[in-house]
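Chain lettering (A, B, C, D, E and F) follows the sequence in which the chains are written, and residue indices restart at 1 in each chain.
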Amino acid sequence: MNNIKLLTGTSHPQLARNIAELLRMDLTPVEWIRFSNDNLFCRIGESIRETDVFIIQTSRPPVNDILMELYLLIDAAKYASAGRITAVLPYYPYVRSDKKDQPRIPVTARLIADQLVAAGAHHVVTMDLHSPQTLGFFRIPADHLYAAPVIVDYFRKRALKNYVIIAPDAGGVARARFYAQRLSLPMAIIDKRRDPKLGREVEITYIIGDIKGKDALIIDDEITTGNTVFQSAEALLKDGAASVSACCIHGVLQGDAISRFKKSKLKELTITDTVPHDKKNLPKNLTTLSIAPLLAEAIRRIHEGESLSAMFI
Amino acid sequence: MNNIKLLTGTSHPQLARNIAELLRMDLTPVEWIRFSNDNLFCRIGESIRETDVFIIQTSRPPVNDILMELYLLIDAAKYASAGRITAVLPYYPYVRSDKKDQPRIPVTARLIADQLVAAGAHHVVTMDLHSPQTLGFFRIPADHLYAAPVIVDYFRKRALKNYVIIAPDAGGVARARFYAQRLSLPMAIIDKRRDPKLGREVEITYIIGDIKGKDALIIDDEITTGNTVFQSAEALLKDGAASVSACCIHGVLQGDAISRFKKSKLKELTITDTVPHDKKNLPKNLTTLSIAPLLAEAIRRIHEGESLSAMFI
Amino acid sequence: MNNIKLLTGTSHPQLARNIAELLRMDLTPVEWIRFSNDNLFCRIGESIRETDVFIIQTSRPPVNDILMELYLLIDAAKYASAGRITAVLPYYPYVRSDKKDQPRIPVTARLIADQLVAAGAHHVVTMDLHSPQTLGFFRIPADHLYAAPVIVDYFRKRALKNYVIIAPDAGGVARARFYAQRLSLPMAIIDKRRDPKLGREVEITYIIGDIKGKDALIIDDEITTGNTVFQSAEALLKDGAASVSACCIHGVLQGDAISRFKKSKLKELTITDTVPHDKKNLPKNLTTLSIAPLLAEAIRRIHEGESLSAMFI
Amino acid sequence: MNNIKLLTGTSHPQLARNIAELLRMDLTPVEWIRFSNDNLFCRIGESIRETDVFIIQTSRPPVNDILMELYLLIDAAKYASAGRITAVLPYYPYVRSDKKDQPRIPVTARLIADQLVAAGAHHVVTMDLHSPQTLGFFRIPADHLYAAPVIVDYFRKRALKNYVIIAPDAGGVARARFYAQRLSLPMAIIDKRRDPKLGREVEITYIIGDIKGKDALIIDDEITTGNTVFQSAEALLKDGAASVSACCIHGVLQGDAISRFKKSKLKELTITDTVPHDKKNLPKNLTTLSIAPLLAEAIRRIHEGESLSAMFI
Amino acid sequence: MNNIKLLTGTSHPQLARNIAELLRMDLTPVEWIRFSNDNLFCRIGESIRETDVFIIQTSRPPVNDILMELYLLIDAAKYASAGRITAVLPYYPYVRSDKKDQPRIPVTARLIADQLVAAGAHHVVTMDLHSPQTLGFFRIPADHLYAAPVIVDYFRKRALKNYVIIAPDAGGVARARFYAQRLSLPMAIIDKRRDPKLGREVEITYIIGDIKGKDALIIDDEITTGNTVFQSAEALLKDGAASVSACCIHGVLQGDAISRFKKSKLKELTITDTVPHDKKNLPKNLTTLSIAPLLAEAIRRIHEGESLSAMFI
Amino acid sequence: MNNIKLLTGTSHPQLARNIAELLRMDLTPVEWIRFSNDNLFCRIGESIRETDVFIIQTSRPPVNDILMELYLLIDAAKYASAGRITAVLPYYPYVRSDKKDQPRIPVTARLIADQLVAAGAHHVVTMDLHSPQTLGFFRIPADHLYAAPVIVDYFRKRALKNYVIIAPDAGGVARARFYAQRLSLPMAIIDKRRDPKLGREVEITYIIGDIKGKDALIIDDEITTGNTVFQSAEALLKDGAASVSACCIHGVLQGDAISRFKKSKLKELTITDTVPHDKKNLPKNLTTLSIAPLLAEAIRRIHEGESLSAMFI
């Protein structure tokens, strides 16, 4: 692994260290300063001239600081004559702002794609985007990785029986269907509607498909406050599900989401480590699967010019 | 309506004429030549210097000729010093090639977005994209219109009762849900899977949701050969639906799709006129709703700087 | 004032309102949401199609959120078909990160210039940049305003006698010289050096020029913690100055800067309102000059195509 | 020849195979699908990450499909992280649409140059452009090859005596002159004019230069319908030429051009294989010279960083 | 003529003044300074914000200074917020460097096109390019004017009889043919070749076509030293021409070209005023036709959005 | 040193030769032609395909010809398929036109940065810019070298005592301070002002800081006519300096600067060889320090991917 450099901001030091360890290399030191006027500043600690630079930075609060760190690293690397700059974004920032479904709103996922290119990125690696179309926002080669091999493997080992995969909303049906097919399980869909007779405020939850007496496994791309999942669990149990678990790829889990999970009717929650959490605080029925091996292997293959698709057959 | 010009290629002359008529103006003449070496050529027939040019061109076979016509018109208009060039694409070409869901394939909808900008378009208007994210492929302002006002109005007048809206696949659930909510109808979903025991070739159709004794109305963004819809109709009837109709916004209807529709178990089919058809050949149970008024109004508002979102409240 | 729209983020509502009032118009409403995953979101509240949009956003902590708000507004405005988008940045973010004076650091002021253009800005207005060269980072027309007319007028009215203008460091000599010339006052310079004999930590303050018995007026472009100014005041008094005041254009005043000012040996401090402060907390010997009239006049002239340079003769 | 990949669309499989054979390598497999809605689709069959990709695609009817294939391959290769993408266009599409000699027409050769770059091409190789200036349309390095070494060698071996080179029109004089000089032969020019007395329709052919009793050899860059050449032959014979042959580099030969050639007064016709033809249908007095060795050598030199100009001394 | 500004460098003040007079307006004052280090500098003397700026600058020695003046004016105008910037180049600089006909040479006409755009030009107007393809080098709308209406009119009035139009080389045949057709005159061509037997130095002039006893009128796009024309005149007279005149659109006439013309066998020389000359020094048989009315009319039409092609019917 | 090519224009052949010699390689031959119409032309004499091209060109009169030579070389190299093109500009052209300090003037240093990129440069190396911010004008990696190691070393060896460093104006204080700190010497500043009472023409020179009885060493980035330095010397001597010397990095020395230096009161002048001079004409008290070793080492490190910052610790 010559001529390759691994850099990171402050978003997820543990993930960056894990990847570096798997690649048997050190992280390139970066000094971070926050000036008294709140301006961020970085200094890359060793020459990266003509090297193959990978910058690992995941989205987590404070999102805009994390994003600025990424831009600063790219800018510094570009003008320090880096050979190639690849931004590795396990959890892509503003990933759900991917369409203009109301007038006069930003499409922030596209804005960020443009700004990464404007800053000087040559290549992007990301994981489990909310919509696969988002990859088309980039005008540079972008590799879209999936945690699916890790997740499918985990659930296959548990040999789920009597289970039904649940799509928590219309937008998530394609993802749920993918897992349902891989795990050879049936699928049901949650459809929430505002009742026109009862006014805009009252939302009624319909379940489309058969869940009676079955163990429900909600599949979603991310869990933030957990509201969607916790409410879905109650509705599913009310409609006759035997139990409800959930697997959400990006475990954002903001605010008091973890303590609310402990109190919720969710039997189990499975996430990956694309977003950092203090492992001490996590309850036992919250399983974190690591995507560090996937990212390390992807970085190795990109650096050495090997096929990435071979990882996902 | 001063200083505005309406141009069109050969893709859908009737639609262009209808729009021009609604705007009480003439189409700017364009001469089209196909040279003996198969090269296309156009000549815009009057000065368009500093005018607000709208080029109406919809996708239909031969798609690549139609697309080249559009590029030629934009190139000719740009270098003839047009003030602003808006490409109006009622049915966007290659609209379903919007994501890289296999290795080493093109994302043609994005490629075309880039090439429209490279050719010189300043603005784009399109309708009912397969995925709303596709709009984010453009680096110029793009207006995404919906045939929904026309379609919802049509079905509301028919006061559907005992109906259920059908999403023909996972990708279409969000659109089906939109119409189900507007028409206050329940929804069901068709899920086709390859049976791993029976081999890759055998696909089994599951219906998620309750359709027994109901009149099923399949909602989809386009109908090409009709295979999906005709097979879905059979599966729905077999599972107990009272009748099956379909509404597909873009009526591409290629090959012998129309004659196969006549023989199919579909009770009715509703499309719009984003793709041209010879009206003589259309059976009575195929209804074509016109989106010309929508497009004419959008063009007028864009030219005069009025809000478009006001059309879709 | 037809066809002009004034938008603002959350950075300095009072300044935006003052400008709007001076232009006798209302601010265009913008709805701001911070999602539970810390993602920002905005919705422009009325049609801005083909209008002349001015977005007023000044830099203040949290700087990266404020910057993201600006990018979101520009993105939303661009794709909402705004006619022209002018970013008005009274205090430019990261203004001192304007040169690569160490290896492998970002030049953030240039990065932001590029990202404003990438987001869709057509024009920029800013004030009293740390270096005038920074304007050259823009690839779009940019107007550089100066608070000088307001400040010079203020000090001329006070008829300063026995005063000497102080440049607080080598980089500030050109600005100090400008004010010294306008106010017909002599100048002195503070030169801080690390003593090689005493080690890197010990910095000795030299004063170049004659200040004995004079009232010193430090001129600087910004005051953040106030450290530079407060220490300079002590050094000047120690070297024989009769009194020390300061005028810093951008009054960033972070942390406990204001309470430390109260305890400092500085007689008076003059700033402008490019950065917001709660007026209740400001001591009497801190004077805030308003640049709202300057900005309002600049916006009016840009919109109406009048000369800006005429404002600074 | 490591790390190099040869791809092709459906335009001229034999030429691509010949080049691959000369380079002792295999073509990278590409799967082509035409969907029922006439949309083209391709899938590159093996990893091309970081390789040196050459895409061989020549213009022939249906030109716009062939062009779209090229764009799709470039798009697929770019986002599959190809190291470098070189488009090899033996017969450049729309090569005669290279100037705006009427108002409001496209300059399609330039449009295509821009769209190749927009799609992601880094380098272009083409042959015997109609005008050498067309190379200047590219904003990427482009190599312009000439079939001249092959053609001059062929005619030198035939030791032409009593011959005169004929330029078939004013635009072709420079090319004719080049061959006349290389073959040490005199030159004459055909000048067709509309007779103002006889009306626009009647065109009179003048021959400038001495052809009486000589064997005329028309040199042109392409032959499509053959009209120009066949009519020129009659005019030359009528004016006293002993015989008339022709050499046209790009043998497009559309429609019934070959059968009309058989009936024409042309003694011999020489073309190259930049455009495909079924060899069975070609008459004996039509000679096809192969440019595959030239292209193979050019590709090898580009890949290995050797001089191309050395091929044309 | 509101909101339009006419600027010029030092290349051809008389032409700029003539155009301004025809448009009944004043030239915008520009102050030019050449610093002691040979750096050029300009200051536009009045506000041009949001105006329609036309910069008239023709190529003449010192060419690179003239070109730099043009770039400086465009840069100054862009960042002074000009509404639109049109570069008017009656004689385009480096116009004959339009193709790469040797390895490793620049295509300077293309380079300049790119640099005009990089500097900020939105539109270009030029006249009688050496090759019409050169217009395709621009990525902005460009209008190509022809002096033909003025020249044809001049010769038609003189009712030429017994004349033959001469193309001085292969590259000039298309232009000569255009004038021959418009003036209803025959054409002949001069073909100079190096004799392989006599060595590279010896060039023999062949005349293709019939000139015996006729008055020859050489047509060329430019005359610089006059060598080509003077030698052609001798060859034509030697071969039996009754007299030889010449019409060269761009009268560059460098060095002692004018005094050599006086001594040459050329009967008459006709040029236009795209390049400046001191009228006192011009002999009587040198006629200068003015293209100022053409340029003034073109500027007026561009500013007012009228058709330019109407000028050349 | 494989695969690297060194090219140069006519600006400073000796410097280019010195660098080539230090790198133990030959300069790539370039043929230069100036046509009779004053157009420049170049031909690179050997294949540079896929090589690492460094073009050494310094600014000196005639500046615009020198600049055009650089653009021509970059254009020729780009389209000759050079692997990477680095423009090495020891004295950057128009380096003092780096800010818009008056309305409607160009910022030529930025314009040139853009045009170098538009021409095809991938990388820039320059030395001792007037303002360090100017580096931010580039959108490509740029290395800013300093002659400081050479100059500081030279003065340290001379063990200056009783010296004071002089900044000749406000803009030069930061540079003077850098050298003062490195040489452990005090500093003074020259402040010239126009006296409002005496009218704009009369400028009075103030000296800020203590120089009485000291040997003054003026530090400046360039000396052109020498006016500033010669007048400063007189003022310093008048105010009591024991002697005055100067060190100006870029020795432009135009017109009769050298003969005026001989007559001036300046004791010594030290420059570098970034600008060429005939060594015969230089007086003994003018010392030229060579920066060729610095540039050669920088080129070697850039080519081999080694750190440049290590050169300036």
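Basically, a residue touches a chain if its C-beta (ideal position, glycine included) is under 8 Å from a C-beta of that chain, and two chains touch if they have at least 3 such contacts.
What you are looking at is a predicted structure, and each value in this text was computed from that prediction instead of being measured.
Undergrad: Going only through chains that touch each other, what is the minimum step count from chain B to chain F?
TA: 2
Undergrad: Copies chain B and chain C touch; is their interface built from the same residue numbers (over half shared) or different ones?
TA: different
Undergrad: So, what's the distance in Å between the C-alpha centres of chain E and chain C?
TA: Each chain reduced to its C-alpha mean, chain C and chain E end up 51 Å apart.
Undergrad: Could you work out how far the Cα centre of chain B sits from that of chain D, in whole Å?
TA: The answer is 38 Å.
Undergrad: Show the residues in chain E shared as contacts by 2 or more other chains, in ascending order.
TA: Expected reply: 47, 79-80, 100, 103-104, 107, 110, 114, 307-309.
Undergrad: State which pairs of chains touch, listing all of them.
TA: Those chain pairs satisfying the definition are A-B, A-C, A-D, A-F, B-C, B-D, B-E, C-E, C-F, D-E, D-F, E-F.
Undergrad: Quick one: which bits of chain B touch chain E in the complex? Just the residue numbers, please.
TA: Touching chain E from chain B are residues 3, 46-47, 49-51, 78-81, 83.
Undergrad: Which residues of chain D touch chain E once you look at their complex with the stated criterion?
TA: The contact residues of chain D facing chain E are 98-101, 103-104, 107, 109-110, 114, 131-137, 139, 144, 167, 170-171, 173-174, 176-177, 181, 184, 186-189, 191, 193-194, 196, 206, 208-209, 307-309.
Undergrad: Hey, which residues of chain D end up touching chain F in the complex?
TA: 123, 141-143, 301-302, 305-310
Undergrad: So in the complex, the part of chain F that touches chain E is made up of which residues?
TA: 35-45, 47-48, 60-65, 67-68, 71-73, 75-77, 79-80, 93-94, 96-97, 100, 102-108, 110-111, 114-115, 117-119, 222, 224-225, 252, 254-255
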